[in-house]
Structure formats: structure tokens, C-alpha cells
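Below: the structure, in C-alpha cells.
Letters are used for the chains, namely A, B, C, D, E, F, G and H, taken in the order the chains are written, and counting of residues starts over at 1 for each.
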Amino acid sequence: MREYINGNEAVARAVRLARVDVVAAYPITPQSPVVEEIAAQIASGELDAEYIRVESEHAALAACYGAAVTGMRVFTATSSQGLAYMFEMLHYVSGSRVPVVMAVANRGLAAPWTIWADHQDSIVCRDTGWIQLYVETAQEALDTCLQAYRIAEHPEVLTPVMVCLDGYVLSHTEEVVEIPAQEAVDTFLPPYKPQRVVEPERPLVFGVGAGPDLYPAFKQAQQEAMDRAREVICRVDEEFYRIFGRRHGGLVDPYRCRDAEIVLVTLGATTGTAREVADRLRQEGIKVGVLRLRALRPFPAEEVRRALAGCRVVAVLDRNCSFGYEGAVCTEVKAALLGLKEPPAVVGFILGLGGQDIRQADIEDIFRRCLAAGSGAVHQVAAAQSR
Amino acid sequence: MREYINGNEAVARAVRLARVDVVAAYPITPQSPVVEEIAAQIASGELDAEYIRVESEHAALAACYGAAVTGMRVFTATSSQGLAYMFEMLHYVSGSRVPVVMAVANRGLAAPWTIWADHQDSIVCRDTGWIQLYVETAQEALDTCLQAYRIAEHPEVLTPVMVCLDGYVLSHTEEVVEIPAQEAVDTFLPPYKPQRVVEPERPLVFGVGAGPDLYPAFKQAQQEAMDRAREVICRVDEEFYRIFGRRHGGLVDPYRCRDAEIVLVTLGATTGTAREVADRLRQEGIKVGVLRLRALRPFPAEEVRRALAGCRVVAVLDRNCSFGYEGAVCTEVKAALLGLKEPPAVVGFILGLGGQDIRQADIEDIFRRCLAAGSGAVHQVAAAQSR
Amino acid sequence: MAVKIRELPEEELVYGSFACAGCGGILAVRLALKVLGPRTVVVTTPSCLLGVTTFYPQLAFKVPCVNVTFPSTAAAAGGVAVGLKRRGREDVHVLAVAGDGGTVDIGLQALSGAVERGHRFIFLCYDNEAYMNTGVQRSGSTPRGARTTTTPVGLRGRGEDRPKKDMMRIVAAHDIPYAATASIGYPQDYLRKIQKAAQTQGPAYLHVLAPCPPGWGYPGHLTVHLARLAVQTGQWPLAEYEKGRLTQKKIDNPRPVEEYWSIQARFTHLLS
Amino acid sequence: MAVKIRELPEEELVYGSFACAGCGGILAVRLALKVLGPRTVVVTTPSCLLGVTTFYPQLAFKVPCVNVTFPSTAAAAGGVAVGLKRRGREDVHVLAVAGDGGTVDIGLQALSGAVERGHRFIFLCYDNEAYMNTGVQRSGSTPRGARTTTTPVGLRGRGEDRPKKDMMRIVAAHDIPYAATASIGYPQDYLRKIQKAAQTQGPAYLHVLAPCPPGWGYPGHLTVHLARLAVQTGQWPLAEYEKGRLTQKKIDNPRPVEEYWSIQARFTHLLS
Amino acid sequence: MIPNLPTPHLKFRTGSWRTVRPVLQADKCNNCLLCWLFCPEGSIRRGQGHVTIDLDYCKGCGICAHECPRHALQMAEEAPSHLEGGAAGA
Amino acid sequence: MIPNLPTPHLKFRTGSWRTVRPVLQADKCNNCLLCWLFCPEGSIRRGQGHVTIDLDYCKGCGICAHECPRHALQMAEEAPSHLEGGAAGA
Amino acid sequence: MQIRWHGRGGQGVVTAARLLGRAAAVYGGKFAQSFPSFGTERRGAPVTAFTRLAEGVIRDRSQIYRPDWVVVLDSSLLGNQDVWQGLGPGGSALVNAPRGLAVSPPPGVNLYCLDAAGMAREISGHLPVNTAMVGALAGLTGWVKLEAVQGATADLLSPSVVEQNLRLVEASFRWGEKIRKGGRKE
Amino acid sequence: MQIRWHGRGGQGVVTAARLLGRAAAVYGGKFAQSFPSFGTERRGAPVTAFTRLAEGVIRDRSQIYRPDWVVVLDSSLLGNQDVWQGLGPGGSALVNAPRGLAVSPPPGVNLYCLDAAGMAREISGHLPVNTAMVGALAGLTGWVKLEAVQGATADLLSPSVVEQNLRLVEASFRWGEKIRKGGRKE
């Protein structure tokens, strides 16, 4: 069914299609419409779920955790300050291997206060043990939320998933979205069947304490699950394609990279703008491409290496800043390229913080600067660019 | 004065010597003795400060922030879950450019529960805009806390500082510590004189909201302050040396690296053990060195490049894991090396999670594995190593 | 100890904000500052108040304002109070302001802790009975029955299904030196209570009803009218806690609650 | 509705823990599980209890135990309650347990929220009046005068200088269906209250005094004795909140508090 | 650049939001100051004998008119021409 | 490997912590079960006519002896030989 | 095709932007994108919203700086320079105003004035003008059919007000259509 | 030189480890390092602690797996295999026990038994044995002087109990010294 909805509504629709049991969430701009829409779906009877109206985000994720260990399929959504406020619980949920799915409507972090888009909020959570998928369109937001449950609940993965969509730019922007049929979704995503749940008949401790002898093994298991998730993410995307006729690239989504001299690495919505620019420059005969990282965790190091090995300059567009170093994606891409025989030069650009609009002209400027860049050197445009 | 105290006590002593005005902290293993000692110093009259006995870590940092904007020199300390619980406030304080100094007694994060050392808790905070200094000894903990105020309060920096010491391994281990004289400290560290404080006579908004037009500039300023902090950290360490006769390396602390074939990159206490091993292997004629990163933020990319440019293999010992990629320090070191003409191979080792002891044998094993490693390739020992 | 209106200063200490026309919240803050005067520091937190007064380029306070994260308003206020005390600035009032969400939900713990520690500050909760800044979601202070965007009315939804958290009793249970509820519909009473709070040697708590035109669904000119009606219909008791005693103003012949409900979109479903 | 001791099950549902000899906290939990029985899920949080019962390789519960972070015990318990309800397992009790720190300080907000939402669960606070697991730091529940490691006695320190937070009144202010204080020194009373809590159709709160030998500074065999003495000296009122009424057991002829203080190191400075 | 900025700082005159404006019939006003007290914007000035209205930041909410016991204030349609400095959402 | 493990799982017998042990004079015991109720460890077993003590996990706290109204329980010095499985701090 | 909408908080500006997009996307077989000016909306404060229309998938995510059309729901905003920003020669503006504006648009801009308020009043006392402006724009430009606008209107508005709005949309569409077909401009 | 200390929570094991280190570092001009077995200590539960002594700076931060000496404050712990772990031939053990132990140490380990409890009882009823064990160890090994142990004791213990402990330290030191000088071992 062809619909015209925004990213938040697409997420809420996915929650309904996934037949989520329990939702616990706390409002925050620009995520609020997600939970409002879920509340409306429950009130109208379209969705049979419990919505726990928690008093904070830390509690939101704790309530999700509590419900999940009883075997529920759970969902939460947040943004920015809310994500930061549940930071302790993020580690706890991933360490507990509980398959929560969370939508993050990306927004910058205070201080200063902002309610507008950048990726700082979720990028700073890349070490929390969550799978992180960044989407480009409202359609992908919907599709990826559905895929996220398949990935998170996969017995070989059992790792929570964040689905990140740019605040406003996706969350509040309506566009054409194809809504999958419920029956098809039911085929794609069967009910959650956890192996270990809270039940008096088989008592377990959830979240044990572990001494120095045992603890590392749990962490190793977490890391291995992430490694397996690489493949699962790709497989699930393919399976989704077979049923729904759409795929989103698995871990990475290269665009005109094959023979590109300059490739721009992106996350999320800005990719669309970059595609426009790439097409335009290609018409001028300038060989540029765009590599969208759909997964930031697990980090697709192998795929990045493969996609970028042949080009001369890699530009990385970071909508975040790891203060005192550079954009986080830039660092990670560089790390992935070390060891290549003749690695491309990498130039980092920090742009679009706190809702700063990323225009076609900005992206064109990036490409043109890279064209001019010397071949060998690694540049760092470490500071945030302001206009 | 020669004393025999542990890392926590060394930190508490620094707080007293720094004439801190306000302390707000919440207990957590293995940090608690810091605040207990501070409470004792206040009760005995040795320290004239207010200790705000907050109800949580989020509140601890908020209370520090509130006191700091009135012009107080403030201190807090925490660890692990507590650090994670104040995550939102971490960004807030750095974004507000408030020179809080915090000691972190490093410990792993739940789940599973652990109370033992690793660096996960502070490493996952490396994007928060805080300066992060990792110390090797109790002596350095004391000295660095004093230096931290000089760095944080520097008008060109105005950025909060985390002083990270390994839980138990430093926090609970007594050793010889030279206590500086109060008068010398007073010379080194004059009272805090903030430029902008809360006063009705000159009303300011602290922590304004900023739209997309303004927000990036604030973040750029934060990043630039970090860049200036590089130099300030080194200068302060030198000045400290002039007064007290001790220095700790500024940003990085290389040990026998000059002609080393293999260099192990470390943080914190493990470095000492690694020095022992390096000396032993050197005696065998094996050219190894150790590069301790004293500062993780700002990241000493230039210094790392310089120190590692000549070696064949770099081993990175990560007492943390960025699940789905590798040890965080490994990634960052690799990124720094990209662009070198003939970069060394980099091999990452994740060790010592959740209090797993790092023995001389473990480090020797790392060196020997690197010796055997091929020259060109970049290896990732991505999974946590368990024994 | 009545406050004389004529003696209140002319100077407006919050002026030019971006609040909606007819906002009860900004009125509550304006009146509080009228009594407290220019030697006041406002400590505030995400809420309509922060959004409309301290987003550059529109900064509407004439007194210093310390913004802090949503969960820790009172903790920051405590820090400010301690700092000012050490600086010998005990002539300055610390006025922490939060909406109901920032008070009864996510800010409760910090408030409880700060009150327990006995800092000298005033905590002002302007209660518009929902999360307004984010688009009218329910809070712990939303009254039973009210429609919000997270407690919609539908086949399986009847508006908020839990009673309003009784923050006044919760705060009183902390044996706080002074606490009171008030309504901007009864300004004399409210001003007097602010003054009492200002004279308290320790934490004081004020909880003031502050109607919100878009959030409640009524035209802005009725703000004060509704704030009065809430009291007259018994929906908003005027209470005071002092010297360990909680007293509540009796309403003789309360007006029917329907009168109150009928002019607010959030309650219309209760009337049919 | 007295509980018959003889009819309590023999099976120990918490057994082999690493608690100190004479720990009042583990006794409080043991007794609660005796009444609630094996169809109970314990939800717990960092505290001595977590440390001594669920650190591998010593797992001491015979019922499922869900551990969660310190600030969110009640939130997780609420999630468990909602999940069990949806699975049709309303025969299972949800027993959230926290120490006083995890209840009156860092866990207060989650508790307030969960109570307000009305989940069916029992929240048990075992009160040893300080943060014991981390080494006897003061909490909001530390009684005035008590020496702890963060309220030391010295030239400028006289032990805890703030009164104990009155959690019972705070919870009662939430109009919780059932709440009670208890003491392990009065087991019959305690067991009866657990039973009442178990029968409550909504949240129930139990606050039980649980002396701690190393934390309070007394030899372990006096645990029950002290728990009794606290009541007899009027330091620990036995109270109940039901149907909107808070009642408190009167102590006729309370014994002198010095009797209680004198056998605890934390109070010795008060006696000189 | 530090996000602590001098206050007040007003870029927009919110009077431009107004679509109706309060008009005072000065002779009816007995200076009871209720409107002064109730105006959320602080846009009413106390004067000699009667109040005056500062239209720069009056949003036209109508509270003053509604609360005036003597009906000395009335809301009137705003002329479109009153507007200069607009405002952006925050 | 997931940190959810079956419970109970006891590696250490905490009876080894004991330095004094409760000794029952069975004839004095009237089976009032106060000791049973008060034992923090649940180490007392209800029996026919009198209780018995399970020493595997009795830590020797002495509560039972102190609370026994008939002084049927007495604490006695523990013989060093009772120890096998030690315990590590958690 | 890029459209910028101007109005005040509470007037349904965002809905208007969405309505046009929905009409084109769901009922017109085109592609569309609509978004508010990113931020919170206070009642009475100036608000803008945006619509992009295209025949193919819209990938650009940047904001709209050079609109082809500006639609102003509230003529009292015309004093504000923001309203005309980026609108160059050849651009068009549709304003809710009885004819005869004091303010004049930048040179080269086609100006259309519709007394939408009056039109709405004719149908019912309390109708907002947002749907009327969408209808008029559709009529003026021919981008989408009347039925498309009406379909979207029925989807987005609450049932109780749909009927009146459909009539309003029709009236305004006809008004615009007439101008388009007649080539008239003001 | 690496020492491992065994005792029970509440017996002052950690203090003993620290005391020796302090005596060596502050009063003996040497370098030292001491640390508890990392974890929380419950009363009655077995507890270990460690001391490293050296002439130069101690850089190694790893735990102690092969102690040169094991000191046991509570003989009831001897049944526990952990007590002897890593102690090889040539190693030594000092145990608080009246002579004649049921349990025997691993082959090649020198065993010294001191009735520290008895020694303490002679001085005062309620003295813990930890300082006595430090004194005895110092006497046995000659690593630090009596005055050094006494200095550290005075620093670490609360004033009210210092006096008695100094006497206890002296007694135990003499006991050890006598053995060392006499070469006697059990």
C-alpha cells in the first residue's frame, strides 16, 4: 500500500506490523510522534500491546528489559538527551543479550541546547554493544525496524538494535512509503521465541555477577555475536528483498563507487543529497561515488576496504565530533584502510551539527576540495565547519 | 614527604592540596575510598570544602556544575555504572565549558556485573568532550589531579578533565608516593578565577539554546579548545616538573621506543608491567618498546605517529572493546598511522576485561606474537581474549 | 503578610519570551520574579520555559539563568546554592523552575535529594499537567481522564487512566520547611506564598497551576479564568505545609466540575 | 490473618549466600520468600543482596532473579510484571528488593513511577541505613547522628546531620494500595505484612529494618535483638498504610534510646 | 565561544504575533492593576490613574480584557500593518 | 554465552566461614521454632520434637543461640578441622 | 517544484504542506516530500513548512532555499522579509488576503491573492484556511487534480470537519483553475 | 619479595599487608606495594592480601602468583587449598597457630608457627593478631627493623590501640628474630 508518511510514522507502523508486545518510552523531540502514534494505535485497537508510560528513559529501557526477559517482543524510541540518560541501561541490555529494538531520532546533544539533527547522540553510543543501523529514507526506517527484530532475535546474535533516523530530516519529513502487508510481515517475522525466560519452573539469574575469571568470556561472546551479526544483517536484508522486493544494502550501500576517484562516506539521510550531487558531477565527467554505511556496528571494515580500495581520495562526512580527535566515522574508516597496499587519502569533514543544513552545495564543495587534494596525505578537517 | 598510600588516597590528597571548594560525589566500588577520605579530611578540618552528599551520579555532576558556575573549584569521582549514569551530564558540562575535575577509578560495565578493573567505563566516554588522562601510578594520580585543574581552568581550554586510574590495581594498591608541599602547590595552582560566574549584577544564561545557525560554532570552539589543550597539557607537565621535579610525559610517555622494532601501546597501570617485560626482552636482544598514551583526549595523533613511524609492528593493548569493531585504542592508533609512507603493521589485543589480571607472561606473549607476525598486514584480534 | 500589588516593582524580569499567547507558565514565573526581585538566579531545565526564554537569539530573563539537564534541576540548584553561600552571596535567591514533568517524573529524585540535604532554594513547579514542550504527552501530573497525545481517546483509550501524583504530599513527607500549592488564578495567595518561600531558611517548594491554551485546548484569554475555576471546582486544592502541618483551603459549595471540563478540549470526551 | 509458622514451607528459597554472618538483610529476604513461595520472581539491584546472592559461582536463589541497574529496580520490576501478565502468569509474584540506598536515593524515581502506574508488584526495601555494599557510606535513610564513612566524626563532623528520609510517608503520599514498615525483630508482624502485600492487586511496599553487623558495628548475634530494640526505643515505628489510612503502632513506655545506641559503634560518639 | 550569553537579548518583537490587540478605554480604568498582574508578558505599564499597554511584546492573548472587572479593555482586530520584526520558531 | 545462569548454584560451603558453632541441647528445645525463623541462613531444620542444624551453610552468627528463649542453643568454639571448601570474596 | 508555506502556529501550515504532498503522492501518482520548519511551534508565532513535488523519487534532503511558490496563509506576515526570501523572478506567491495588498512582492514575482478567509466564512464560521490554500494552489498550478486534494483532505482531517473542508477545497480549486485557464494574474 | 596474607574478613588482613609495606617504604627506605584481593570483604569470609617489597621502584602491576612467603592469620583456613597455592620449594609460611598443625604444607616449604592469638591474649583480651604476624614476619626475615614496623603500626592504627599493638609487635618480632638468629625452624 502506497502511503505518504514521515519517518516517525514509518517507525510506528513497523512496530504495529511487528506485533510488538510491550512498548516503554519517554517523549522527546523529535521522537515524540513515534510514541504518540503508538499510543493512538493502541487506543484505536489496531495494535495489541502494552504501553508503559515511564517517568524517564533510564526507566524506559529498564522496563523493556524486564518485559523482554519474560519473553515479550519490546520496543522503545528516544533521542539525544534521552539516549544519553539511558546510557547505563544500554550497556546493561546488550550485556544481557536482550533483543530490544530502539528507534533513535537523531539529534544533537546539549550544551548548548539543540533539538535539531546530528548523529552525535547515537555515535557516542557505538561502544555500547548495540547494533546500529542508519537509514536513509522513511521507507528504510520502516523496513529496517522489521529487519531489526529478525537480527536482534536471531539466536546467534541476540543483541539489541538501534535504528537511527535523522531527526526532522527523516523523522518529520513525509514522503512516499510502501506499507507491507501484515501477512507478508508475519511470514518474514514470526513471533519471538526466546530460549530463556523468567519462569519459576526453571529459575535463572538474569544478569549475573562474574569474576575476573568469567567476565571476559561473556564479553568475547558479545563480540562474536556482533561478528555473526554482519552476516545475519545481510541475509535478513536479502530475505526481506525476496518477500518485499526491496533491499537496503545490508551493511553498506555503495553508489557509483566502482570506478570512482573520490568517494564520500556518509550515514543516514544526507546520502540522498549526496547522490544528487554525485550524479551531477558524474555528468561533468568527475568520477565521484558515495558509500553509505548502513551499519556502524558491527563496523563493516571489510566492506569499506573493498569499496574504497581503488579510489584516490576518500571524504568522510561526519555529522558528529569526537572532541579532541575528529569525526568518529572518519577515524573508523581510516583504521579500516590501514594495511591496504596503497590506501587512498582520507579527508574528514564535520558538518551538519545541531541541525545545520547540509546542502548540495556543501557536498559539491567537499568533492571539489578532494579533487584538489594531494594524493598521498591524510588530512583532517578536525574542527566543526560553520558557515 | 614520602608517603605510602594507594591511588584513591593519592587522589583525595590532591583534592586537599588543590583547595577544592565543593565536592559532590556518590559512592561506588572501587572509587568509594576517595570520597570517604575527603569526608574524613573535611571532618578533621584539614580540608575546608563543602561535600554535597548527592543521591546519584547524575546529580553529583549537576551539583558540581551548579557550584562551578558560581565560581567554585569543584571535584567529583566515580566509576563504571556511575560514570555511565552521569553520561548525559558529561556532555552537558563539557559543552558548557565548565572546568570540573573528576577521578575515575576504572572498572568494567554490567552486564554481567563486575567490580573489577578495565577501561570500558571511561573509554566509552571518549566522545563526551572531556579531556581524558590515564595514569600509571598513585604518584601520577596525585600529580595529575593537580595538573588537571591547571589544564581545565586554563582560559584557552576551559574543558573538564577526567583522571583515570585502574580500579584496584591503582585505586587500592599502596605504594610510595611523594606528597608535594602545600606552599609549592599553591604556587603551581593559584585559586580558580572564572571569567563568567552567576551574579545578579551581570546576568548571563548558562547553557543557552542555540539554533542550527549558531550551534556548530560552539562545537567548533570546543574542538579548538581541545586542540589547544594538547599544548597546555605538555606545558603544565613541564611546569610541574620545574616545581616538583617530576614529569609524566605530557600527552604520551614512550619507553625504549626509539629503535624499537615492536612497540606496545598501553594505557594506565599495565604500562609498568609492560616496562618490566620490555626490559627483559631487551636483555634478550629483542627490540621492543612501550608507548603509553597518557592523554586519550585530546588524542595525540601527531605524537603517536612520530613515536611509531619507525617500528615494524605495533601491538595495541586494549582493556576495552568497542563491540562490533575492535579495541577502541587500536582503532584510533590505526587511524593516526594511516598516511604514513610505510606504516607499521598494527595488531590489536583485548585483554584484562572485568579485572582479568594482565601478567608479564601475557605481555611477553603479545610481543612474541608480533615478532612472528608478517610485516605488511594489519591484524585484528577482535575478540576478547580469555584464559 | 499580604503582598501589596502597588509595591511590587515595575521592572519585568522575564520579558519578550516566546511563550504562546496566554501561557500560564510564563505568568507564574513572571509573578514569582516580581516578588523575589532582581537578586535571583533562575535554574531551569528542558520545558516550555527553557524553550521560550533562553534559546538564542531570544533571551528573555533579566536575571541570571542556569540551564541544566532534565533529570537534575534540583541538584544543580543545590550546587548553585552551595556555591553562592560559599561566596557570601546569601542575599541571592535560587529559584529552580521546572514543569510538572520535570518535577514529578524525571526530576523527582533530584528534588527529593536536594530537599533532604536542606539547601536553601525555592523549587517552583509550574504545572500545566502534561509535557507541553514536546507536544502534550501525559505526565505523572496529568489528571485522570485528560486526553493527551499519549493517552488518546479511542476504542480502547479513555484518556489518562491513573490519578494525578500528589506532589504536595510527597514533598510534605520530606518535612520540607515550607511548601504550598497555588494557582495563578489567585495571585494574592500565590504572591504571599512566594514571599514565604523566599523567607524560608532552607528548601521551599511551590506548586502552581499554570493552564496551557494549546495543551488543554482552550482560547488563551481563559487562562486565568481556568486557573480560578480549577480551584472553585475542587480540582486544584490550595494547600500549605508549614511547621510540619499540611493545611488545605476549604472550598464551600464547589462549582460543578463539568463547568471546568467543558471549556477544555482535553476533557470533552468525559462529558458525552 | 496471622501467618502460622508451622505452616510455612520448609524449603529455603535463598540459601548459601555470601552475606556476613548475622546479616539482617538476607534474613528479611528469606522470610519474604517463605511467605511468597517458589512462584516468585526476585528483581534486584546493586546492593549487598545482589553481591551475596547472584555473583557466579555462588548463586543462592531458588527462584528466578532478575538483576538490573541501581537506578531502575522498580522500572524493571514493572516490566517483568507487565510481561508476566501478558503471558498469563499472574500466579507469579514479582518481588523487587533493594537496599535503602537503592530505594530512597537512586531508586526513588523509578519506584515513584512504577507505583504511580499501578503495576502489580511488591517492592521490599531492606533498610540497613547506609550503603553497605560499597563500605558503609551514608544514605538518605541513615538516621541523624550515625557515623558512616562519609559522615565521619571529627573536629568538624558529628556523624549524619540530616534526618532520615521518611520513605513510608513518601510512598503513602502516592496512595499506594498497601505499604508497611516492619522489623525482622517482629517476624509475625512482618510475615503478616508480606502476606498482605502478596494479596494486594497493585503495587505494595514493604520497608523492613535489617540491621547490619559490620555496618553498624556490633557482633552478629545481636541482629534480631537490635531490630527489636529499634522498635522498643521508638526508633523504628511499625506502620501500615491501607485504604488511604496510615496507622502506626504505639509504643507504650519506650525504652531509652541509649540502650539502642550503646551497642552500636556508629552511635558511640553520641553517648559521650 | 562559550554557551553562556548575556541576558536579556531580544531579537524578535513578539508583538508581531498578535492578531488582536487590547484597547483601553482609559476612562473606565480605575487602576485596580488586575490586568497588570495577570498579563503573562508583562506588557502592561502602571500609570497615573490608568494603565497603558506596551504593544512591542503584547501577544494579544486577551487575558487582560477578560479579567478586567470594569471591561475597560477590549480586544480589537489587529491591522496587518503593525508588523515589522517577525519571529522564527525556537 | 549469555549471562543468565541457572540458580541455585553453590560452589562454596559458607559453613567454612564459621569460627563458632551452634550446639543444640535437644532436651531443652521445645520446638518453638524461633531459631528456625530467625536464622538468616535458613540453616535450621524443623524436626520431630526439636530442631536440627545444618552445618554446611551455618556461619555461626549466634542469632539462634541468642534468640532461643530456653537457651537450648549454645555457641561453641569451632574445631579447625571442620573446614574443606573455602570461599573467595565476591 | 518547491513550495514554501507561511502562517502562524495553530493555522495548520504544516498540514497544508503535507496535504499537498499527500495529494500528489497518494492520489496523483507523483513523488512528494513535505516537512515543517524544524522546531517547536508556539501558537501565534510565525511558522513555515515546505513541500517538494517531482515526477521521480526525491533524494535531496536539504532545505528549500529557492522556492518556486510561496503560499502565505496569514497576510499579517507579509511585513516580514522572511516571506519573500529566495523567491526570484518567475516565482509565484499565493496569499490569503482580500485583494489589494499594501506590501508588494519582489520584482518579477507573480502574486495571487485569494480571500480564503472570506471563502471559508461563507462555508462555516470557524474554518481554518489551510485547505483552501492547498485547493487554490492546486487549481492555479494544475499539479494535482481536485479529487486528489479532496482525497488527501479526507485522510488527514478529523471526520467531523471533512465535509466542510471538501467544499472549501472545491471552491478554492475552482478559483485557481479559473485563473489558470483564464491566464489571469494580479 | 612477594608475600601473600590469608585471614578472614574482620581480622585485619589487608591492614597487615599494608603495614609491612609501609614499614618498608616509609621507615625502611625500600619500595613496597600492597593490595587486597580485589573484591568486597564479608565478615568471616576468607580474605587474602598481598605485599611486594623491593630495593628499587616496583613497576609490575600483576597479581602475585608465586609468593615467597605466605602468612596465615587464621589457622582454620589451612584446610583450604588456596592457602598453599603457588608456594614452591624454598618458600616459607608463617601461621598463627599453637604448634603442632594437623595440616602439612607442600614439600620443601619452611613452616613457622606462632601462637599469635596466645601472644595477643597475654597483652590484652581483644587484640587482633594482624600486627603480631607482621612483627613476626619482620623478625623472621629481617627485611625491616622493629622500629619500622612499630612506626607503621602507630601510623595506621587508631590511637587507642596503638600502645598495646606496639608491645605485641615487639614480642612477635623478638620471637621471629630469635628464630632467624638461631636458625631454628619447625
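Throughout what follows, a residue touches a chain if its C-beta (ideal position, glycine included) is under 8 Å from a C-beta of that chain, and two chains touch if they have at least 3 such contacts.
Just so you know, these numbers come straight off a predicted model, no measurement behind them.
K.L.:
Remove chain E from consideration and name each group of chains that's still held together by touch.
P.N.:
one piece
K.L.:
What are the two chains with the most C-beta pairs touching?
P.N.:
A-B
K.L.:
Express in whole angstrom the distance between the two chain centres, defined as the mean CA positions of chain A and chain B.
P.N.:
29
K.L.:
Taking each chain's centre as the mean position of its Cα atoms, how many Å separate chain E from chain H?
P.N.:
Distance between chain centres, rounded to whole Å: 82 Å.
K.L.:
I'd like to verify one number: the distance from the centre of chain D to the centre of chain E, where each centre is the average of its C-alpha atoms, in whole angstrom.
P.N.:
56
K.L.:
CA centre of chain B versus CA centre of chain H: separation in Å?
P.N.:
35
K.L.:
Do you know which chain B residues sit against two or more other chains?
P.N.:
29, 53, 55-56, 58, 69, 81, 85, 88, 92, 95-96, 110-113, 116, 202-212, 214, 217-218, 220, 355, 357
K.L.:
Could you pull out the residues of chain E that touch at least 2 other chains?
P.N.:
Residues 3, 5-8, 14, 17-18, 59-60, 87-88, 90.
K.L.:
Find every residue in chain G that makes contact with two or more other chains and list them.
P.N.:
Counting only residues that touch two or more other chains, chain G contributes 9, 38-40, 42, 44-45.
K.L.:
What residues of chain F sit close enough to touch chain H in their complex?
P.N.:
Within the complex, chain F contacts chain H at residues 14, 16-19, 59-60, 78, 80-90.
K.L.:
Note which residues of chain E are touching chain C in the complex, please.
P.N.:
These residues of chain E touch chain C: 5-14, 17-18, 33, 36-42, 45-46, 57, 59-63, 65-67, 75, 87, 90.
K.L.:
Within their complex, state which residues of chain C touch chain B.
P.N.:
38-41, 43, 50-51, 54-56, 59, 61-69, 71-72, 75-84, 86-87, 89, 92, 109-110, 112-114, 116-117
K.L.:
Taking the touch rule as given, give the residues of chain G at its contact with chain C in the complex, in rising order.
P.N.:
9-10, 40, 42-45
K.L.:
Which residues of chain D touch chain B once you look at their complex with the stated criterion?
P.N.:
Touch residues, chain D against chain B: 46, 50, 54-56, 67, 69-71, 105-106, 108, 131, 133-135, 137-138, 140, 149-157.
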